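Below, chain A partners chain B and then partners chain C, in two separate complexes.
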Partner chain A sequence: MKNRTFFWFILPTLSAMVLFIALPIVSVFIQSLHIEHEQVLVVSESCGPFGCSETTAVDAAATEALREAQPLGRFNGLKTYTNRSHLAFAEVAEAWRTTDSFLAFLNRMFNLPFYKALLFTMAYTAIVTPCVLVLGLAVATGVNNLPKLLKGPTIFFSLLPMIVTPLVGALILFWMVDGDGIIGNSLQSLFDDPSLSLKASPALTWMMLMVYGVWHSLPFSFIVFYAGLQTQPKDTMEAAMIDGATTWQRMRYVTIPHLMPLVTFVTLIQLMDNFRVFEPVVSFQAQAHAPTLSWIIYNDLRESGNPLYGSAGATSMMTIIGVAILLMPVLIRTWRDYTRKAAH
Partner chain B sequence: MSTQALSRTTPLKIISLALVAAWLVIAAFPFFWTLWGSFKVQADFFSKADWTNALTGAETIRETGAAFTARGYYGAWVQEEFWRPVLNTLIVVFFTVIISLTFGTLGGYALARSGKRYAFWILMAALVFRAMPHITLVSGYLLPFFEWNVWGILPTTIIVLVAINQPFTLWMLHSFFLNIPKDMDESAMVDGCTRFQAFRHVIIPVMWPGVITTGLFSFLLAYNDFAVTSMLLSSENETMIPAIASFLGTTQVEGNVMFAVAAVVSATAPLFLLVMFFQRQIVSGLTAGAVKG
Partner chain C sequence: MFLKKIAITGAVAGLMGSAAFAEGHGAMCGPEGQSIRILASDFPAIHAVVDQGEANCGAAASEFARNHTTEARQIMNAALTPNPAEYTSVILANSTLTQLMNDDLVRPLNDLVEKYSDNVKPNQLITIGGDVMAVAFMANAQHLFVRQDILKQAGVTKVPETYDELLAAAEAIRAAGIMEHPLVMNMQVGWNIGESFNLVFLAHGGEFFKPGTAEPTVNSEAGVAALETLKKLVEYAHPDYLTQASNETQGLWEAGQAALGIMWGSRGAAILDDEGSTPEVTGSTVLAKAPSVEPGGIPGATLWWDGITISRNVSDEEAEATFAALVSGMTPEMVAANNDDAVWLLDGFTPGPAAAGVAATAQGGAKPYPMIPQIGIMHNALGNELVDFLKGAESAEQALADVEAAYTTAAKEAGFLQ
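Coming up: the complex of A and B.
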């Protein structure tokens, strides 16, 4: 295709991506270097019969005018990145000095808002992704063994958790595990503890969100693996059977190697999607114990009337760096494949 | 020989069937439970006394005289005017899908037919963009949109959703166009068509299966979005999903959680139908990018 034709064909989609994905990243970066204006204070001295006193008042009009003139706020450099609600260098250093055991230090550090969110986001990604892979493969093998008539309906119902809106799906589960809902209620009577609440303990909240994550993503890996199983060559399988391979060995040495490219694909998509987990935190109202990076950005922006653009920008930049680190192996591999192909 | 050996019942097979059965219950039960419960009163669906109340509807009978009630739906749709967000969702979803597909087909076709190095780089950039958490992008939009006075209106949201949709749409349509033989449009060009004419007269007639599948996923992205719509729309232009989220805040206080339950069921119903009618396309779309590696 000629360069000029290519340009006209790609122009709409490229300009949409540059304007609304690439430029916002730049805008986020600039925002993260600025901080909201302080309120303009006016000191007025009033003198009465008992001497003079100084009163300080907020000059609302002047503050408003300043905000109007410089909506970005004042330049703050990298200070937002290092303040208490982000990397918190001072607090971490203090925790390092004052705590005597490493565990206590970690405990202090992961109670700081940014590290807490980072810890949960990474734990969520690291736990949900392998669970989804393994269970998805197990379900796919099971469905593959089903009689033909049952396959269609099974796939239909399996798709639902993935297709449903994340916020809504999480709400549906939340209402069930709520203290008054069916699962929550049953658990209370099972353990004979009427105060048992999945929301109250950090460990249970984490578990609840991860169970949701697996429930939501399992259909995706299931469908992909199921499609992979359909293309599996019958000959290899029969040869393995003739050689006396057990079911387990056939799975391990024939099926899984055949599915390996799909495993890479599902892992890549899952890492990307799980790292930005956001809606379930809103639905489960789990922000106290299990905030995520996306959630703290949302929370900064939601401050009604006075959104913290600088703070949200700094967290966003660090999240983007996290995504880049996550994607690096994939990008390097693709690049190598591409240059090898081009060399031939 | 092989069929007989493969159909023998082994313990492993029983375990795997049990797993499938368990998964089906876990996947489907929450939906049916919520659908059933949405026709009860709150005292039944969130029963403090006994969860079987939700099945029998003891409180529902006491409060309304019948075992099923549409109070939640009346409250959501009439009292809280849930039809407004539904209408907004329709507008947003319709335009997002149409514009996404138009942009995506042109771009995907160009990428599939160009063997140049920059085409590869555009695809790589799209992959990176696909991984961006949406909320990080939203924090970049807010301030400029306020400054330009375009915050809160539907067109802004539509164009943002289109852009966020592009990476995925491009990848998907790119792989569909790779499957359409190059000879088709090239022979048209030998016959004297320009590239665009070849695209219009030769490619467009055969591209619909791929476009419909991609359209389904664009639809899902626009319909399911919460991060963008909740931050970029003013309360009167709200779409369905942020409306449900704000329902939770207001109705929980007034004891009208059932409004939210009814709204949730209303929002899920179209997706149910979508899977029912387009199951094959959804499955093929999910695997299209994957099977090629």
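Coming up: the complex of A and C.
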């Protein structure tokens, strides 16, 4: 295709992307460099049905004047990025100086909100992504070898986790693992421990979220691999059989190389999705043990009554950078494959 | 004092008889042909007030629109910012009033209160720095719920009044083998756990901030003592307590799985009614004063009110029509028809068993939930940082230091600290 033609084809998409993705990201970045104006506090007396007390209130007129003068807020540079809620340079340095063992240092570091969330987000991504890939391939191969009659229903049931709304799916599981739910209660009687709670222990919460993550994403990788298997050339497979390759060898040396572009695709999508994991944390109310970067953004914007746009912006930018770093190896690999092919 | 006031007004309303009284109070609507638009939370008592206001003055208005949503807090600032605002009134509570006042979105009501003084009593007025900012109509607080039959069975003769007695009662029930986890509290991570800390903290005489400033003072003796108490309490709570809020605790209570509870007064009527539970549970449930540290000390509760505010960014006529319509709904008849839905601060209220806990707690000298502009940030920090301590992963001092550090970071960004 001529470059000129290509340009006209891509123009609508490109302009939509600039308008709705690139520019908002720039705006979020600019916002993350600013913090709110000083709130001018005045002491006043507050009275109500329960008596009077001395209290403070915001001097609205004075604060408004400051806001008019600088609508974006006060410029704070990168200080929001380095404060305690984010990279916490000062606190990490302090922890490094004052702790005597590396373990104690890590303990202090992962007590900081950003690192705590980063730890879980990374662990979640690192565990869920490969599980989804391997299990998805296994399910796809299994379904592919089923008799024709059973294929349709099996595919439908395998897709159910994706059809169920994530929030609802998570809630159902959440109620099942409750102390009075079927799974939670069975575990309690199995281990003969009435205090056993899947929701109270950090390790069990992590496991629960990851199992949910795999369950929820599995249909996606399954259906992609299943589609890939349908395009597998029969003659290569027959040749391998005639050469005496076992089932496992056929899988390893014929099927998987054939599916490799799809593996890359699923990996890319899964890395992105898992790094931004959010719904299960909310539905499992797991933010105490397993906060994620997305959950921090949500909390900054929603919970305190004063939305912290700067903080939320900074965490968003770092999430974007995190995703970019994670995708880098896969992207480089794809680029190499592409240039190698182009050279042929 | 609180109880007496309620009792007297109840008696007065009873004596005067509803017909004559209603005539004297005949619905007084403001300017006609105005648009009245109300944003409110979604529970029966608020519906009752707005319904009555609509019945009285809806016909005189060109429009009477209402949006009842539990997400009111999340949308109200954005909805009131444009001029004209999306709503002429927001019905809100202590903590949410400051959220609107921080952005200067509600107007002082002094003139309106004077003009419509027939329907407004002085004890309903919320004044800040001399300006009336809201008119309250109901009160709420957390307090103790007990199952007397189970206490009796465990050999506990009196309703616990202090935290020590509460713990002793819980231990007695556990020791008697009746229940392993007799206590329920709203300890869901986030807002609820922060609020549970507030209760015990205030009971220990704690102060959140250095007076007149936004500097945190929760990492104090009172803070540590409060956390220690809280930790002892959760030993007797359901193992899933970190995920339980009002709906879950009420469910456990109605299922007969708890014998001691610290829950919202507004749940009292729902628990005592004949729906969702057995007569065995409802018949022996008693609502009592929130526990204190020492006998007769400050009850571990925060007093709340719900009330009406009027938007700043609407015309004076709309503001007046909205105010008049809403206060016209606060009549003894409305209260009589919905007596058990709330602890009303209005004429005609007859405190029943469902109101006993809130009344006793208020009378015992419980503190109101602080109306301070930066309290939301502190509450959020408490909600997120205390779990590690309760799970035994860090010391009380460390948890409170984390709270202060998280608060300070956020408060700096919001402009409250420099």
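Going forward, the second predicted complex is superposed on the first by the 281 of 344 C-alpha atoms of A that agree within 3 Å, B and C clash if a C-alpha of one lies under 4 Å from a C-alpha of the other, contacts with A are read in each partner's own complex, and residues count from 1 in each chain.
Simple rule for what comes next: a residue touches a chain if its C-beta (ideal position, glycine included) is under 8 Å from a C-beta of that chain, and two chains touch if they have at least 3 such contacts.
These figures come from a predicted structure and were not determined experimentally.
Trainee: Just checking: does A:146 make contact with chain B only, chain C only, both, or neither of them? Give me first, second, both or neither.
Mentor: In the superposed model, A:146 contacts chain B only, not chain C.
Trainee: After the superposition on A, what does A:178 contact: first (chain B), second (chain C), both or neither?
Mentor: Both partners, chain B and chain C.
Trainee: Applying the document's definition of touch, where does A:37 land relative to chain B and chain C: first, second, both, or neither?
Mentor: A:37 sits against chain C, while chain B stays out of touch.
Trainee: Does the superposition put A:53 against chain B (first), chain C (second), both, or neither?
Mentor: The second partner, chain C, only.
Trainee: More chain A residues touched by chain B or by chain C?
Mentor: B
Trainee: Pick one for A:113: touches chain B only (first), chain C only (second), both, or neither.
Mentor: second
Trainee: With both complexes overlaid on chain A, does A:94 touch chain B (first), chain C (second), both or neither?
Mentor: A:94: touches no partner chain.
Trainee: Identify the partner contact of A:323: answer first if only chain B is touched, second if only chain C is, both if each is, neither if none is.
Mentor: first
Trainee: Report, in rising order, the residues of chain A that make contact with chain B in one complex and with chain C in the other.
Mentor: The overlap between the chain B and chain C interfaces on chain A comprises residues 178, 302.
Trainee: List the residues on chain A that touch chain C in their complex, please.
Mentor: Against chain C, chain A makes touches at 35-39, 41-51, 53-58, 60-61, 63-64, 74, 76, 80, 83-85, 91, 111, 113, 174, 178-179, 184, 194-197, 199-200, 202, 285, 287-289, 299, 302-306, 308, 310-311.
Trainee: Provide the residue numbers of chain A that touch chain B in the complex, in ascending order.
Mentor: 1-3, 5-6, 9-10, 12-14, 16-17, 19-28, 31, 71-72, 135, 138-139, 141-143, 145-146, 152, 154-161, 163-168, 171-173, 175-176, 178, 180-182, 185-186, 215, 218-220, 223-224, 227-228, 231, 234, 238, 241, 247-248, 261-262, 265-266, 272, 275-276, 278-279, 282, 293-294, 297-298, 300-302, 307, 309, 312-313, 316, 319-320, 323-324, 326-327, 330-331, 334-335, 338, 342
Trainee: In the complex, go through chain C and note every residue touching chain A.
Mentor: 2, 73-74, 94-96, 98-99, 101-104, 123-130, 136, 139, 180-181, 188-191, 209, 211-214, 238-243, 303, 305, 345, 362, 366-368, 370-374, 376-377, 379-380, 383-384, 387-388, 391, 394, 398, 402, 405-406, 408-410, 412-416, 418
Trainee: For the complex, which residues does chain B have touching chain A?
Mentor: Going by the criterion above, the answer is residues 2, 5, 10, 12-13, 16-17, 19-20, 23-24, 26-28, 30-31, 33-34, 37, 45-48, 51, 54, 102-104, 106-107, 109-111, 113-114, 116-117, 119-120, 122, 124-144, 146-147, 159-160, 162-164, 166-167, 169-170, 195-196, 220, 223-224, 226-227, 231, 241, 244-245, 248, 260-261, 264, 267-268, 271-272, 274-276, 279, 282-283, 286-287, 289-291, 293.
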